[in-house]
Each structure stands twice: as C-alpha cells, then as structure tokens.
Amino acid sequence: LQVSAEPPVFLEVENEVSLVAGSKLSQLRCSRDGREWNTQLPSSVVTAAGSSDVLAVACQDRMLSLFSSCGRRLLPAIQLATPTSALHCSAHFVMALTARATLSVWDVQKQKALVKNESLLSILSGADATVSQSLLTQQGVPVIGLSNGKSYCFSSSLETWTLVADKGDSMVQCADFRSCLPTHDAPVSSGPLAVMQGRNLNAGRLASRLSSTPHHLQQSMTLAFLENQLTSALTLQSAAEYRHWLLIYARFLVSEGSENRLRELCKELLGPVHKSAATAWEPSTLGLRKRELLREVLPVMVENLRFQRLFTEYQDQLELLRTK
Amino acid sequence: LQVSAEPPVFLEVENEVSLVAGSKLSQLRCSRDGREWNTQLPSSVVTAAGSSDVLAVACQDRMLSLFSSCGRRLLPAIQLATPTSALHCSAHFVMALTARATLSVWDVQKQKALVKNESLLSILSGADATVSQSLLTQQGVPVIGLSNGKSYCFSSSLETWTLVADKGDSMVQCADFRSCLPTHDAPVSSGPLAVMQGRNLNAGRLASRLSSTPHHLQQSMTLAFLENQLTSALTLQSAAEYRHWLLIYARFLVSEGSENRLRELCKELLGPVHKSAATAWEPSTLGLRKRELLREVLPVMVENLRFQRLFTEYQDQLELLRTK
Amino acid sequence: LQVSAEPPVFLEVENEVSLVAGSKLSQLRCSRDGREWNTQLPSSVVTAAGSSDVLAVACQDRMLSLFSSCGRRLLPAIQLATPTSALHCSAHFVMALTARATLSVWDVQKQKALVKNESLLSILSGADATVSQSLLTQQGVPVIGLSNGKSYCFSSSLETWTLVADKGDSMVQCADFRSCLPTHDAPVSSGPLAVMQGRNLNAGRLASRLSSTPHHLQQSMTLAFLENQLTSALTLQSAAEYRHWLLIYARFLVSEGSENRLRELCKELLGPVHKSAATAWEPSTLGLRKRELLREVLPVMVENLRFQRLFTEYQDQLELLRTK
C-alpha cells in the first residue's frame, strides 16, 4: 500500500492479486477531490507520484505508466532500461530517476522528452558527494542538490548539467550588493533558485570578512555572483527570479559605473531597431518582453550622472519603436 | 550478388573489383522500372535495402550510403560506430540495425535523424527473448517484435521505447468490446498496430474465461486495453487505426456510462473555445482535425440518455466555433 | 599564463591566488581592442579559447565558463563529465574536446547544444589513425581530420559522423571534370571543404592514370565524386562551396547527357509549382534560394541540344512562378 499526495491525491496499490485464473495483476485505486478511479497493471508497482495533471506509476517490469487525473492512460507504457528509484511529478511534467543514476523528464502534454536518460555521474564523479535533494520545477526543469552544497540543473536546450547554486563558494560569500536591493519589491524567496541556495544568501553576510577585501576585487566578485544568478535563473526558467536579479544587477552596474557591461545589457534587451534586419534576436525571454525589461532598467540609470547619455540614447530608441 | 526488392528494385553487386590499377572497388548496378544506373563504392557491400524513394547500401568499412531512385547520392557517407546487420527502407525513411543491437532511423527528405543509435537492450534485457520481427512504418516509426509476443516502437518525440502490443497480456484477453465494434466501418487490419498484434486480437475471444470475471473488473480491463490501443496508435503515428479505436473507445465509454473519461476526451478534442487564450493545444493529431473527430464522437453519445446534456453542451460549442 | 588570439584577444591567467582568507581562486585578465576586464573563477584554469563573440575557459573542476566580449557571463557554468583537452571558438559557437575523445558544440547566442558529447571512437576505431586537425566552422559545424587523410564532420541534423573528404580515395583521383570548371568564377579555396581536402584536389591530376580507365567508368566516378562534394558542402553548411560544386555538377551532367539526374536536380530546385500542395519542400538551402540556383543552372543546359526541351520546360515554369 502506497500513498502519494501533492494536491491531495491518494493511491492505493495491491500487488500480485489473482484476478483472473492463472495470472497475477496489480490493482490500483486512486482518489482525488472525492473522485475515484481504478485500473490494473500487469506487474507489481514499485513507486508512484502525482501532480494536478498526471499520475505516474513505475512497475517491477521497468514499465512506466502515466495517467490523467481521471485515470485515462496518457501514453503507451514506457520501457525504461533500468529500474526506477524515484518519481516526481510537477504540473504536466514527469521526472524519473533510475537505479543506475540516470534522469529523464517528459512533458506529458506535448508527449515529448525534455531530458533523456542523463547520467548523474557527470556531477557526482570526483565530488565525493551524494544526492541530498531532487526536484522538478513547474516548468519541467530538473534540479539536483548534492551533499557538498552544490546544486545542478539539467538544461534541455544546452543538453548539459549546469551549476546553479554553490553554498560553499567563497565568491558568493564575498559578493556585496546590499545597496542594490529593491526597496518596494517583494522578496523572491519561493523560486527554485532561492530554494536551492537556501539561507546562505544574505547579501553582505560576511561584512567582517569583506572589510579586508580590496574594493576592486569585491566589485568583480559581486559582478561574477550577480551574473551567475542571472544565468542560473534563466536556465531554471524562473521568470520572477530572473527579473529580480536583473534589476539588482542593473543597479549594481550603475553604482559601480560599469559602462561596457551596461551598454551590452541594454543592447541585448533592445534588440534590432530596424525591422528589415534578419536576426536571431528573440523579443522575449522566459515570457518576459525584453523591451519591457529595458523600460524597467532605464530609470535605474538616472541615479548616476555618467549614464545620462546612455539613458537618453536608449530612451529615444524605445520611444521610436513605440510610435512605429 | 545481392538483390533487394520492394517496388521491383534490383541491385547487383560485385565486390572487390580491380577497376583502377592498385585499388579495389565495389561495383553497383541498380535497375528499376527499366531504368538503370551504376556507381562505385570504395569498400565491399555488406547489405542493402530500397524503397520507392531511396536505396541504402552498407559497406564493410561501416559506411552507409544513400541514393535517390535515379542513383544520385543524397547524403555524404554516414560513418556508423558498429557494422550494420540489417537495413530497412520505407518511403523516404531508412532504418539501420547494427551488430551491437542499436537502431537508427533517418528521414532522407528532411536530412534529419529521427532515432539515433538507440540500444535494443532496454527491451531485450531480462526478457529472455530475441528479435523476431523488425519493421519501419511509412511514417518512419521503427517497430521491433520480440519472441515473447511483445512489440515495441521507439517514439522519436518521447525518445524512449514504448510497448505497443503484448500478445500474452491477460488484460488483452479479458477485454470485451464486442458490442462497440463498428458495423459499417471497414476493419483496420493492415495498420502497423494490427500487424504487430496479429490474430490474437478478436474481441471477446475468451468468452468462457470472461464469464467468470466480475463485470466491474472486466470493464476496467477493457478500458485499459482500449486506452492502450489509442496511445499505441498515436505513438505509431497510425492515423486510421487511431480514429478506428477512438470511436470504439467512445462507444464503450457511452455504453458503460463513464462520464469523467468521456468529458475529458471531449474537452481535449474541442480545445479552447476562445481564441485569446494562449495555449499548448494542437488543433490536429496525426493529420486528423480534433474537432472533426469530436463531430464523429458526438452522435455516439445519444445512445445513452445520461449523456444528453453532455452531448448538447459540446454540440453547441462546435456550432459556435463553426459560425465564428 | 596563457594567451589566446583570434581577433587579438589576450588572456592572462593566475591560478591558485590567495585572494580571500582561506580560499584560493584563479584570476583572469582579458584584453582586446584596448578594452580590459577581469574576473575570478573558483578552480584552476586548464585551457581557454576565444572568438569575436565569446571567450571560453575550462577549469580543473571540469567546469566550462563562457563570457561575452566585455566579460559578462553568458551561461551558468557547464559541468562536463570528463576534463577538457581542447577548446575552439568560432563566431558565437564553442567546441569542447574532452580527454575521453568526446566532442560537444554549443550555440551561445541561442543558448543551445548543437552537438552533445559525441564520441570520436566511431571514426577512430579500426582506422589506426589519430586526430591531426580539428576545426569549428563559422556556422558551428565541427570537422575532424585524421592522419589517414579522411575528414569527418558531425552533422547536428543527421546526428552522425559523415565523411566529407578522403585524400586517399582512388575515386577522387580518377574524377575528371576539368572541362566543367568555371571560367570567370573565383576559385572557392577558403571554404571548409577545400581546407579539409587540401592540395590533393586538382581536377585531372592523374591524367596518365586516367588514360587507362574506360570512359564509362571514369564518368561514373566523376559523378560519384561531384555528388560527394555537393552533399559534403551541404553538411558542412558551406553555401559558397555548395553553389560552386552545384554548377560544376550541372555542367558535367549536361556534357555527359545524364538526363535522369539532371531532371531530378531541376525538380528538386524548382519545388512544387502550385501553392495548394502541402509539401515538405524547403524553398532555400543554406540561405540560397533554390529557384535562384535553378536560374543559374538553366543557362548551362543550352550547351547540349538534347536538353533543349528540358530547358524550355523549366524556364517556362520559373517564368510562370515569377508572374504569379
């Protein structure tokens, strides 16, 4: 008997029931929101997980079955190469971890693999660490936390493991951006990036340590840290966290007078002004319109007189695009 | 000397011919529809296969060459990691099985891999079975039949092996949907699903066995079976079989009064009614318009008075969409 | 201390610097066009490479970091499974070769993998050869040259290694297309195909050898060679070389009177004439409009009276499409 609960979904399993003469089946009974359904599977159930959209059941014959919220089978049974050791469901995404430390993620709605049988050995080997946490975001991004404080997500577009958080990184501890924190914005503490970085991340936590670090070094470590946050939020497909860190980053660039980086950032957000140009530029990122983001970044610039010209330049171009 | 025939394509091979001083080549002569062409390859030909669109030739140096119907080379020579043990061509698709039990499929028209070097071990290991059948559908889907009665297809979107038929499954034998078979529809016996399931599949074949099975159990096994058929036809990209089983499934849901499932099915086929909503819903599946399918499903509902309201509800929405 | 130069980009590295009490970091200083930036990385730098758009740095902890031209981090740190042995950058593409002879390529602009951890063993095994050259084209196509004279590129759409050049191939040496070389076209000697084939490729180089080869054999070897060049240029995404060899190929087909192949070629370039037909035909290849290419091929046909009708047929259809 097993139970899996996320929105309250209850699953009752009876393995090896003799239902029909001569053959044994597993009997599943699932209830949620007062609605019940049941079905049979030809092999013993090993593990199961559910979300609002999908119920995933892994059996001893290495078969993975996926059902809708009312019990309709969504895909034919998936034959895995190795036994499943853990299942996670989130929205319409399903993640399977196998006994041989490989990870797969499917988008059940699009009937499509996002991550295919990727080995955790890439992140475990040489690290002398174990998996301490595994989660699947609402966007279907798998994240693995290790016992050494490092967290990795597998990017389905880069098709590789990327480091999104490292609790032991001394650069994280030296980064100081206290002056750039938003005053009225709500803190973004529930996103996957915040979850993986944990309490370790209070800006300027090591003030004593910082006092002994030369300013230019601390500046470049803070830059490195903030750019890590931005790219990590992007890879985690966490739009709210991306916007949050983008504004802190912009404030920091302005206060430190980093013109090259600020110019590169604005250029990327604005994109090509003339429609004629064939381009690989995407107008939005994680569902956020880049030019809307630029509109939020521009007011930050006026705080440093050095950027008066840069501000006017981009303000004018945005105005031009609006009236086109 | 080898011959491969599908539309009558004849291939004559002479290996190790000394054509030019000092080097040995293979000489290929191909004839079809009275048209002939010939070419040379630098290594001995091991196996070959052809379809209306493409001729595939595998050589001893692990090179795979693909030619058009008039002998034009379509792709540069493909270097395989292991020797080819079997080739299949179907329409503009080519499937290669290698000596190390891996399978690849290419779409020659789009110059694109559909399946890349996938191991059969996932489906063979622990099964104590051998490959008894291998085929490539007209849609480029590879299907492998094992000696234990199970058939798998590799889904290029799910990037995994899925079970599409199991001759020994007791649930298949218990499913009873005789009353839901179409009366005027032509039987769909030539599709890949029917081919892999073979003669085993006559609805209600085990009537004697069935009599001893409680009705609710038989009902849920029939549901499981029919949903397997639907998802299998989908994964095999077999449009005619999908439509065939969808209508049987709808009839069964109606006769058994399964409102939740019927509602979920109709909802999926209808899709969002308001255009404004951004959505991941696809208007067609396997080239069949989902709303056309819904139009075929609705008349089935009137056979059960319980679904009068559901019928009217979806009928109205379809009408609304038509007049928009 | 390391330096990497392509557009003059200079990189200075200091490993294991004690910057902050208790932890060691690597210090990077990069200068280009007089602009300088610096950053810190938590592990020792092993190798680095740069292009106009991107700087790639691989560290001892198997982390790969990618920076923009002004030092902004472009992606989160990528965790590789094995240590990097070589890095190449070209435009916005980065190629990593690892110690276990696997190759990866990323498109930094689209934040996307083009080639993922592909083993070189497929092309090395049984060849008794070593890697003598590795390059990444401006289109992000990886090319590997072996000591046995063969060159392979990994096609990200075919997801396989393909042979693009073979200096020792006797067919290459027998191909004779001297009469078909363009008179006014500039020679295409700087493309990746020309680079990999080297000096070996002068049409009719082995005239003495050729004299003893029967004409029909030489004709079919020349055809095979030219079709190899076409498909190789296509796979290398080398537009200029593709156009160059297409015109030579067309001239050769015309001079040898190969009607079937010429007709198939024209048909492919023209595509479907009626818009209604749903089709998989792409109007352009490597950024070249196929119908523009056909317009260049047609004048070649008039040189052989046999193709007067074919010429008129396609000329008329092009005219028809233009006026539509």
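Note that the chains take the letters A, B and C in the order they are written out, and that residue 1 is the start of every chain.
Definition applied: a contact is a pair of C-beta atoms (placed from the backbone, for glycine too) under 8 Å apart; a residue touches a chain by one contact, two chains touch by 3 or more.
This one's a predicted model, so the numbers in the text were calculated from it and none came from an experiment.
Two copies of one chain, subunit A and subunit B, touch each other, and the residues they use overlap weakly: the shared fraction of interface numbers falls below half.
Relative orientation of subunit B with respect to subunit C corresponds to a rotation of 120°, obtained by superposing CA atoms and rounded to a multiple of 5. Centre-to-centre separation between subunit A and subunit B, using Cα means, comes to 34 Å. Residues of subunit C in contact with two or more other chains: none. Here subunit B touches subunit C in the complex through residues 19-23, 25, 35, 37-40, 42, 62-63, 68, 70-81, 104, 106, 109-113, 116, going by the rule given at the top.
Residues 119, 121-123, 125-126, 152, 155, 157-164, 166, 169-171, 174, 209, 212-213, 217, 220-221, 223-224, 227-228, 230-232, 234-235, 260-261, 264-265, 280 of subunit A are the ones touching subunit C in the complex.
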